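Presented below are the structures under discussion, each in the form of C-alpha cells.
You will see two complexes here that share chain A, one where it goes with chain B and one where it goes with chain C.
And now, the complex of A and B:
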C-alpha cells in the first residue's frame, strides 16, 4: 500500500472544511487542510476594513491576491448576468464564513421536498429529520441565539416550528428600538416580525464576548461576538489538524477505478508539492469547488458540475419613516417576515422572506442630499432628520436549480500561477420575478404602517452572497454530482463539502445547513476510514 | 436557568425587554448556606479546588503553573479514595492549619495554611463537618504535584520552621465586632495578604511590613488595598462593595485570580461580611506604596487619519508585523474601549479611569491583553478575549505602552523583556527562588568539593600519621 501523508486532506480552510477537519481529528484521524488564501488575524481584518476605500466590497479586508483571485478580482469572473453584482467569496483562512452576517435559520422540513410538494425544483436526498441532530450540533458549535417558540414557517398556525431536539444554546438579544417600533406599527397590517436566529453571543459564549452592538456584522465582528469560520479553524488546529495556507490546489490524480490517488498544490511562489491521503475533501465553496473539478475533469459524469448555480436574488428597499427610529443600533439582522416563506404559492412563484436591515444609512442619506445640491447647516440638519428615519428592508427570494445558470472555466484568463478564470452565467428567472407583486404588496404595507411619504428608493434586483447548486447532491448519478453523504458518484474517496451541494436554495441563508452537512460528512468520513 | 427562560418566552414576543426582570423574579431562592459552607466560601476553597470542567467546586484538578513547577489542586471532596473522605478531623486540621497532608506530606505553601493557621477551632470543625457531610463525594484522581529539585516537599519542612507562622494574626487589641470580623475575613479566611502583601526573599508572606500594600504574584499585580489614597482610600463604600460583589466598578476590573476570588468567594458572601471587610480595609494602616497615578484629564482626541494608513498593495493586507501601538490599539482594542479609551457600558471598561492602567507597573495591562479577562459574578459576565495568540510580546508591549501613555498619562515604555517576564509568571518571584535550581546545584557541588577536600585532608593527615 502507498504511504499516506494524512488520513484526510481537505482543500479549503473555511468554516465547512474546518468542521470536517474537527470531526475527523477528534475521531483520531490525521488531517491536513490546504488553503489558497493567507492567514489574517481578526485585528488586521478590522484595520484593513477601516482603511479600505472600497467599502462597497465587504470582502476587501480579506485581500485580493495574485495567486488566489476572488469574485472582485478584475477579469477573474467573466459574467453574463442581469445581476448588478456577483455573490462574493473570501479566499482566506476561515473562508467566506468570516465575512458573513451570522444569520442561521434552519431549513424547514418542507424545504427538503420542494419537488414532491410544489412540483418545481428538486427534492433533497435527505430529509429534515435526518439532518436535525447535526443542525443542533452546528448551533452549539456556533453559539446560535434564537427563540424556539417561534413559528419560523409562518404557516403552522404560530406553533413552534420546525421541530428541535434541543433548545437554542443562547437566548435572543435585547431588541433595538427600531425593531420594537417596527413590530408595534406593522402589527396594524397583520404583519409580524419574528426573531432571526443568529450565531452571535448574547451572553459570553465559548470565549466570545457578548455583542455590544458595534453594528459591523460584515465584514467582520470587531469583537468576535459573531461566530467566524476562523474559530472553526482554530478549533481544528487545537484538535491536531495541520494547516497549510497560501497553497493553491490545482491537480488531483485518479486511478482507473476513479479513486483519487494524489493531490497536488502550488505555493504562491509556484513551487509544487504532491500529497497522498486515504480520503480527499474539497470544501472550496461554490466557485472554486466546481472549478477544481472541471480543471481535472472529475466528478462530471452527469455534466452537472458548475451548473444549477443559485444565488438568492434579493431586493433592498430604503424608505423614510415618519418618526426617528434610529436604524444602525444593535446587529444587522434581528428578525424577518416569514409568511411568504413556504406554501402552495411556491408552485408558480418563488418563496421569499424579508426583514429590516439594521444598518446605518448616514453615508447613503448624505449622498442623496448632495445629489439635491444641498449644502451647509441645511445639509447637516437634513442628514440627521433623514438618516434617523431611514429604514432598510431586505428581501431574499428562493432560487430554483436551472442547468442554464452556471460557472465554467475561462481559459482566456490566467492568474499568477497560470490557472484559469471563471465564466459565470446567471439570469433572473421568471419564477423569481413572479413573486414581485407580493413583495410590492408587503413592502407597501410596511411603508404605510411606518408612515412613509417619500417614495422608497433603491428598488432593484440585487443578490445575496450565497452560492449554491454547482455540485448538486442527489441519489441519481445521471443528474447530480455527489450522493447523500457528499461523496462524488464517480470517485469513492472524494467528498465535496459545500453549500454548492444544495438541490434547492430555500429563501433563507445557507450557512447553518452547510455546517450541519459538514459535521455529518466529517463523522461519516471518519467512521469509514 | 432553562425553566425561568421558558416562563418568560410566552410573552417575550411583545415584551422582550422585560425578560431580564422576569428571569430574576423566577429565580428560586437557594437555601441559606450552613456555617461550614460559609467558611468554605469565605476561605475561597473553590478558587483553587474547583474542577476546571465546572462539574464540582471541590474535586480539584486545576493546574497552576509557577516558575518553580506546576501545582495541581487536590480533590477535597469526601470521596474516600480520590478525595479526603477518610481523613479524621485531626488530619484535616493538620493540612488546613499546619500544611501537613496525610497523603502528600508537606504541602507547598500555595495552600494558604500560613493564613488559615489563625482560624478558630470552631470554624475548622464546622468546615470539616461541611466537607464530610454536605459536599458530595466526587471521584477524581489527581496526579501528584511534584516539583523538581530543589523544590522537594522535604524542603518545605525547612521553610516551615521560620515561615509556617508568618501569616498575619488578627489584632487582639481590636474590640469592635465588625472590625474583628473584617480582620478575620481579610487576613485569615480570605487570605488576601497572600497576594496583596509583598513577599520576602524566600516567598514567605510578610506579616507586618507593607501589609496589603500591593505585590506582583502569579503573573498579576495585586494592588495596594490599604486605607491610603494610594490604595482604596479614595474609593467610596459603594464602589468597594460593587467591586467585591461584582468584580467591577468604574475604577477597576478584577482580572486573573482576583476574578476567581470574586466569582467563587466574595460575590457569595453575606452583605454583613462585605461591610465588615470594607470597615476593616478602612481601618488599615495607610501605606502610600505603589500609588496609582491620578486620572488623566487631558486625553487628547485622536487624529485617526494620523494613526491609520491606507493599504498600498496586497502585501499590506497580510503584513501583521506592526509595532505601532496606536495603530494596533485602533484595530484590536478601540471597538470595545473606544478610540479615546473612554467607552463604558456594554463595552469598556473606561481605560482612563481604570486603576490597572494607572498602576505603578504594567503587569495587569499586559496580562489583560495577553490572557484576557473573564469575570463572572452572580448576575454578570464580562469577557475580554485574550490577544496573546494574535499579538507578539513586542506588539503587546507597544499596545501596553500606548494605553498607559495616552490614557494613564504615564511616561515610560513597556519593554518586550518586561512583557515576557510578566507572561511567563516570573515577574514578582524572588530572585533566590528563580535561581534556586543552579544555586542549590552550586551549593551541593560546593559541599561535595568540601567533603572531598576534607576527606583528603583527613586521609592525608592519617597517612602522615601512619
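And now, the complex of A and C:
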C-alpha cells in the first residue's frame, strides 16, 4: 500500500481550490479534490433559476442539501447582526465562484499597506509587486477584459494604475446606451465612470463564446461567456485531478509536532473514509474553512480562526431618471466610480466605490405599482414608463478587520451528518458609517444629474457576497492564522486557500485576488513537495 | 408586440372563472389557459375563501371585455374587496410569481407561476430581452434602444477611454435637497 493516497488533497472544489489543483497537477503531482456539495451543471442552474420564485436569491438555484447546508439553509447561520441579509455561499462543485458577477478588479498597491499608510486595519505580509505576476496569470486564465489606460485608483492623476506587466487578455465590452447617458450627465458633477474589468469574454476565449448580453451574470452565465469556478474544476480534471463530490470532510488528525497525518470525510450517507497526503489544502471559503479548523482545534494558536469577518457592506438604490435609459441591456456591471476608493480619508472613513447595476427592474416595478393599487391600462403604461427610466446604483464599502466580527461553531444546530451550524456576529463599524456623507453626496449628485425628481423607489442596505478575513494571513503567528504562503503557522503541511486570508478588503470584489493567491499557493506547494 | 392566439383560449374562458377575469385584468384575450390554472392553484392556496371571492369578481366584471376603455371602466367600478383580489390575480400574471420571494433564506411562501409568460417582462421585451437569452450579436446594447431618441452625444462616448468634459472632477458638493432624498434610514 502506498504511503499516501495523493501528493495533495484539497478540501473544497471551488474556483480557488481548483486553481491550486491545476498548478499541482501540471507540476506532476497527484491531487484529489473533495467537495461536500453535488455536481450540478450550468444548464440545470439556469433552469432552476427560471422556475424559481425567488430570483434575487442566487444560492437557491444551486439547491439546498441536508448533508451540506449553505448560508441560506434555514437555521444553519445563527446570526447576530445589523445586516439585512448575510453574505451567501454555495456548496456545489465549482463553489461560490460560480454565482459571482464576474467583476475582476485588482487590489491596489496601497491596499496591501493599509496600516502603514492610513494607520488602520492591517498590512498584508506580501505586497502588490510580489502578487502582480499571479494577477496576470489569473487574468489570462479567466480571460479578463479591461482597459490598461484607466487609473483604477482615481487618485493617480489619471495615469494608468495599478502597474501591470502585461495588457489585459481581452478588450472591454461595448458600452451600454444607459452607461453612455450616465457618463454624459454625471460629468456635470465632476464624476467619471470608468470601465470595470470583468471575466466575461468579449471575443471567443479559451472555448468560451463572447457575451451577447443575455443579462444574466448571476446565478450563472447561460452561455459560459463568463468565467466560473466550474471551468476551473473542469480544467483540473483535464489535468488529471480526481474529484470526489458529496463527501464532507470533518476530521483532520495531527501528530505531536502539529503535522497533519490524515484527513477523513463522510459521504452524504454517513460512510467514513480516511485519506493521507503529503500536503493538505482547505479551500472552503470564508465560513467552512474556519469551521473545519475550529471543529478540529487546528491552526488557532492566535485565537484568530473565524475572527476578522469582513463582508463589504453595500447600499442599493433604485431611482427614476427623467429620460428613457433602459437598464438591463448588456451585462450586470460595466463601469464604476472610483474616486473615493483610496486616499488619506481611509484613516477615518472607509473607502467606497459605486456603479450602475445594469439589470432590468421590471418585475419589482410591477410589484410596486400593484402595491399602489394600480391596475388596467394605467398599470401597463406605468410599467413601461418606469422600467425605461429605472436606474440602479450599487455602492460597495471597504471593511476593516475587527476580531469582534466573527463566525464560530454553533453546537446547538446539527446537519444531517451531525455536524454543527455556524454562529455569525457582524456589526457595521463606525469606520464604515463614517463614509456615508460622501456616499450620500455622490448618490445625490447622480440623482440630480439624471433628473431624478421623486425619492428612490428602493433604497436599502445590503451586503455583497464577499467573505474575507476569517483565516487571516500575516507574518506574526500571535495574531494571524496563515503565513505569506498560506501555510498554517501551526501546521507545516496544511494550507488555507481562500479570500478569508485577506488582511484588508479594499472596496471592490475580492475574487481575482483569490485566484492570484491560489495560483501562487499551488506553485509554492508543488515546488515544495 | 406580436401576440399569438392560444388555441382554445376563447372557449376555455367560458368554463374557467380565473381565465375569464384575468382577460380583463391583463387586457388580453389570448392568455394561456394552462397558466390560468397555475394562477388559480397558487392563489387558492394563499387566499382564504378564494372561490367565493372569485365568483364575486366574475360577476362584477361579467359585462366587460378586455379592450381598452371598457376594461378600465370595469376595473374602476370594483369595490375594495374585489379590487384587492384583482390585484392579487394580476401579480402572478405580470411578475410570474405569487407572493414576495425572500432574498436571504430558502424559506418563504412565494410561488412560481411563470417566467417567460410574465406580462411585465413580455411587454418590454422588444427593448430589454427577457433575461437568459438575447438574440443580438456582441455589443448590440451600445445602440440607442428602440423607441428612444438619443440626445446629442460625441461619437467618442462609445469608447471607454473617453471622459466627457467635467468628468475629471473635482466631485461637486451635492444639493442638500438631493442628499435628503437619497439618504436611507440607519443601517
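The rule is short, and it goes like this: the second predicted complex is superposed on the first by the 526 of 529 C-alpha atoms of A that agree within 3 Å, B and C clash if a C-alpha of one lies under 4 Å from a C-alpha of the other, contacts with A are read in each partner's own complex, and residues count from 1 in each chain.
In this section, a residue touches a chain if its C-beta (ideal position, glycine included) is under 8 Å from a C-beta of that chain, and two chains touch if they have at least 3 such contacts.
Given the structure is predicted, the values throughout are model-derived calculations rather than measurements.
> For A:485, select first, second, both or neither according to whether it touches chain B, chain C, the two together, or no partner.
It touches nothing on chain B or chain C.
> In the overlaid three-chain picture, which partner chain does A:457 touch, first (chain B) or second (chain C), both, or neither?
neither
> After the superposition on A, what does A:224 contact: first (chain B), second (chain C), both or neither?
first
> Is A:207 touching anything from chain B or chain C once the two structures are fitted on A? First, second, both or neither.
After superposing on A, A:207 lies in contact with chain B but is clear of chain C.
> After superposition on the shared chain, which partner residues are touched by A:85: those of chain B (first), chain C (second), both, or neither?
In the superposition, A:85 contacts chain C only.
> Can A:64 be said to touch chain B (first), chain C (second), both, or neither?
The answer is both, since A:64 touches chain B and chain C.
> In the overlay, work out which of chain B or chain C sits against more residues of chain A.
C
> Give one of first, second, both or neither to describe whether A:264 is in contact with chain B, with chain C, with both, or with none.
neither
> Scan A:52 for contacts with chain B and chain C and give back first, second, both or neither.
A:52 contacts both chain B and chain C.
> May I ask you to decide whether A:172 touches chain B, chain C, both, or neither, giving the answer as first, second, both or neither?
both
> Please identify the positions on chain A that touch both chain B and chain C, taking each partner from its own complex.
Shared contact residues on chain A (touching chain B in one complex, chain C in the other): 46, 50-53, 64, 147, 149, 172, 174-175, 180, 183, 194, 203, 210, 212-214, 216, 222.
> Where on chain B is chain A touching in the complex?
Contacts found on chain B: 2, 5, 9-10, 12-14, 16-17, 19, 308-311, 314, 317-318, 320, 327-328, 330-332, 335-336, 346-347, 374, 381-385, 387, 390-391.
> Going by the contact rule set out above, which residues of chain A touch chain B in the complex?
By the definition above, chain A touches chain B via 38-44, 46-48, 50-53, 61-66, 147-149, 167, 171-172, 174-175, 180, 183, 194, 203-204, 207-210, 212-214, 216, 222-224.
> Would you mind writing out the residues of chain A in touch with chain C in their complex?
Those in contact with chain C are residues 46, 50-57, 59-60, 64, 72-74, 82, 84-86, 88, 147, 149-150, 158, 172-177, 180-181, 183-184, 186-192, 194-195, 202-203, 210-216, 222, 313, 315, 317, 319, 323-324, 326-330, 335, 339, 359-360, 362-363, 365-367, 370, 373, 375-380, 383-384, 387-388, 428, 433, 440-445, 447-448, 452, 455-456, 459-461.
> Sort out for me which residues of chain C touch chain A in the complex.
For chain C paired with chain A, touching residues are 25, 27, 68, 71-72, 75-76, 83, 86-87, 90-91, 94-108, 110-112, 115-116, 118, 120-121, 123-124, 127-129, 131-134, 136-145, 147-148, 150-151, 153, 157-161, 163-175, 178-179, 181-184, 187.
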